[in-house]
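The chains carry the letters A, B, C and D, assigned in the order they are written, with residues numbered from 1 in each.
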């Protein structure tokens, strides 16, 4: 059951989770050049999200702000340009508690190397890292959306895709990066690490066998 | 000579060894998305093992539990689903003191790239890292088992393989990862590092020369 | 508006920025074997720059010196042999506040793999990391200069290129490395990280698709 | 001028240098599975060297011992099996102050991928990291020796090669690793980093262009 009204402590916890996760993702090299943004749900109407353009290896609590689910800032700070890609997920599905977006080289690369509108991941044990998957004898589709600077339209396309109820733990934006989410920050991070790992597996197979 | 009954200090030492090793393996990126599990023998009947599903870069002593060699938990905690792959090794061979399992990308990748049921490593100086090997003019076989969610059956297949007395320091599970062991945690870690290094060598040769 | 006369505090801040940035770039492996050099503008006539030949992961404030924009040392220390490649940029454009030069393997590699005098980067979201670029539907040219030990002549060629007013955030020296700059140290670092990322993307595409 | 008799302080300094360097090389992943060994000259007759078989990321001063230049231990400790490959260099040339040997994957890989008895490195700016080289318009030969467990014979072959007075800052042992040296620990490390960088460049060019 999602809270109706978040407390100051909820915001502190969300800030700490975001900063700790950002430090880890920065250490992996997945947040180059101040890119990437991260958020955590606070309650039924608000989330905490990184402000625009900070080095993700040096975030402080001042770099986290509150927005409502239409992306409206609750302070005098500038949220990430891609805020709607976070908030529309919270508005859609109350089981989503955290959203992570990085510009990892591998997610970017896979999206460029295929012209298809999704990528299939199949047969890996690590698929079990995705909530609800219990065996490696599974396959998932990772949708790939065209990049655009019109974030509202992209957010609509993502929500439209999710309304089809195809199981989905994240998506790629071509030439841009990856979005993932989970019921809490730990789940979102587990999903992101699994996506990154499986995408790298696919790329390494291409490097050795040639592109399929 | 293996202890008959472990002391509280033995459990503390095992927990510390497991956590320290987990931190190192996590820093290498070999334990993605809360995967991987690690254990250390306590005595003739019990081992300490990681609980199910924790981030391997953030383990605390609360995340280590005791199981007997049939995998039965000695606390109210959930052991890793793959516990039998650890305990059956301790039950088989009293010279095994620690078991390490990771989902490293390279071990996974090699197992996918070959259809053979083993991989031969030959001629490398680093083969001398495996206990009992004294010259690079050696070759070892790393068996590769099919992945399955039926862990009891997989454990039986591994033990059956080991009963053949072919020298063996570890094995791969296809599309899944690697298991290694040693007489103590330091030996198990040395074997794991050597396996990872030699597997990466084989993959890099494929990247440059093409797959053999 | 650039200061006319720098204060001791300005030098302290510049030293700290250079050391902090050097530690980060060293941790990335971009400053091998004591190579690379970094500088920050102090005022209208002077900049702080790394001395010659120190390990870039162990700089102290003693390893930072002041030179004027003709590269003349203001202390009894030996500046980097490539000092003029820094100071001529400050003399050319007062909006340049920091200059970073590394020998990163990828920048070196790309410069060797092409015979062209520039490399085009196009269509990536991360192009927006370069000051003034607002959409991924952009392309930039990174000029590639021949390597030489005659730094004064190379500095002239760079300035001549920049006088053409083609948008430029950095350049490569063939078989050598990369130069980037920005209005302050944070911008220069953001530009360097973006260059490295985009160059690596191009190299990875070559690795999979073959060289174009 | 080399000391005739080393002091306890000299040994402390050598131990600290070796441990600090080992930690850095371990963090790079160049010392897998307790491999690799490092030494520093103490005086005209003795050097400090790592004992056999320790994890190079966890060395303490207890893991450093003194041997004479015929490899004879001066304590009740077991020196590395490859001690003669260090001490014969000190005996040959009094300008050698430190020797570093790692099993880095890239040095191993290059030695396997060629059948030639040396590898030529040419045209790179980073060649200037080798003492005595002042321009990128240089080329050096890195000799490659066959691997053997007969270290005395290998040491003789290395010394025989060096007696030819071909400029040499290090060599490879096929399927094994790399040896480098310098007038002090900082120089030896700079040479090692430069070798690693240049070898990786050559391998990356092979990955993209195919093996020459």
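Everything below uses one rule, namely that a residue touches a chain if its C-beta (ideal position, glycine included) is under 8 Å from a C-beta of that chain, and two chains touch if they have at least 3 such contacts.
Remember, predicted model here, so these are calculated numbers, not experimental data.
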Fill in: Touching both chain A and chain D (chains)
B, C
Worksheet entry | Between chain B and its twin chain D, rotation from the CA superposition, multiple of 5 degrees | 90
Discussion item. Interface check for copies chain A and chain C. Shared numbers divided by all numbers used: above half gives same, below half gives different; which is it?
Written reply: different
Worksheet item: Can you give the whole-Å distance between the Cα centres of chain A and chain B?
Response: 32
Fill in: Separation of mean Cα positions, chain C and chain B [Å, integer]
45
Practice prompt. Any chance you could list the residues of chain C touching two or more other chains?
Written response: 207
Worksheet item: Pairwise, which chains touch?
Response: A-B, A-C, B-D, C-D
Worksheet item: Where on chain A is chain B touching in the complex?
Response: 24, 28, 123-126, 129, 134-137, 186, 189-191, 193-194, 196-197, 200-201, 204-205, 207-209
Worksheet, complete the sentence: In the complex, chain A touches chain C at residues 29, 32-35, 55, 57, 103, 105, 108-109, 112-113, 147, 149, 173, 175-177, 203, 206-207, 210-211
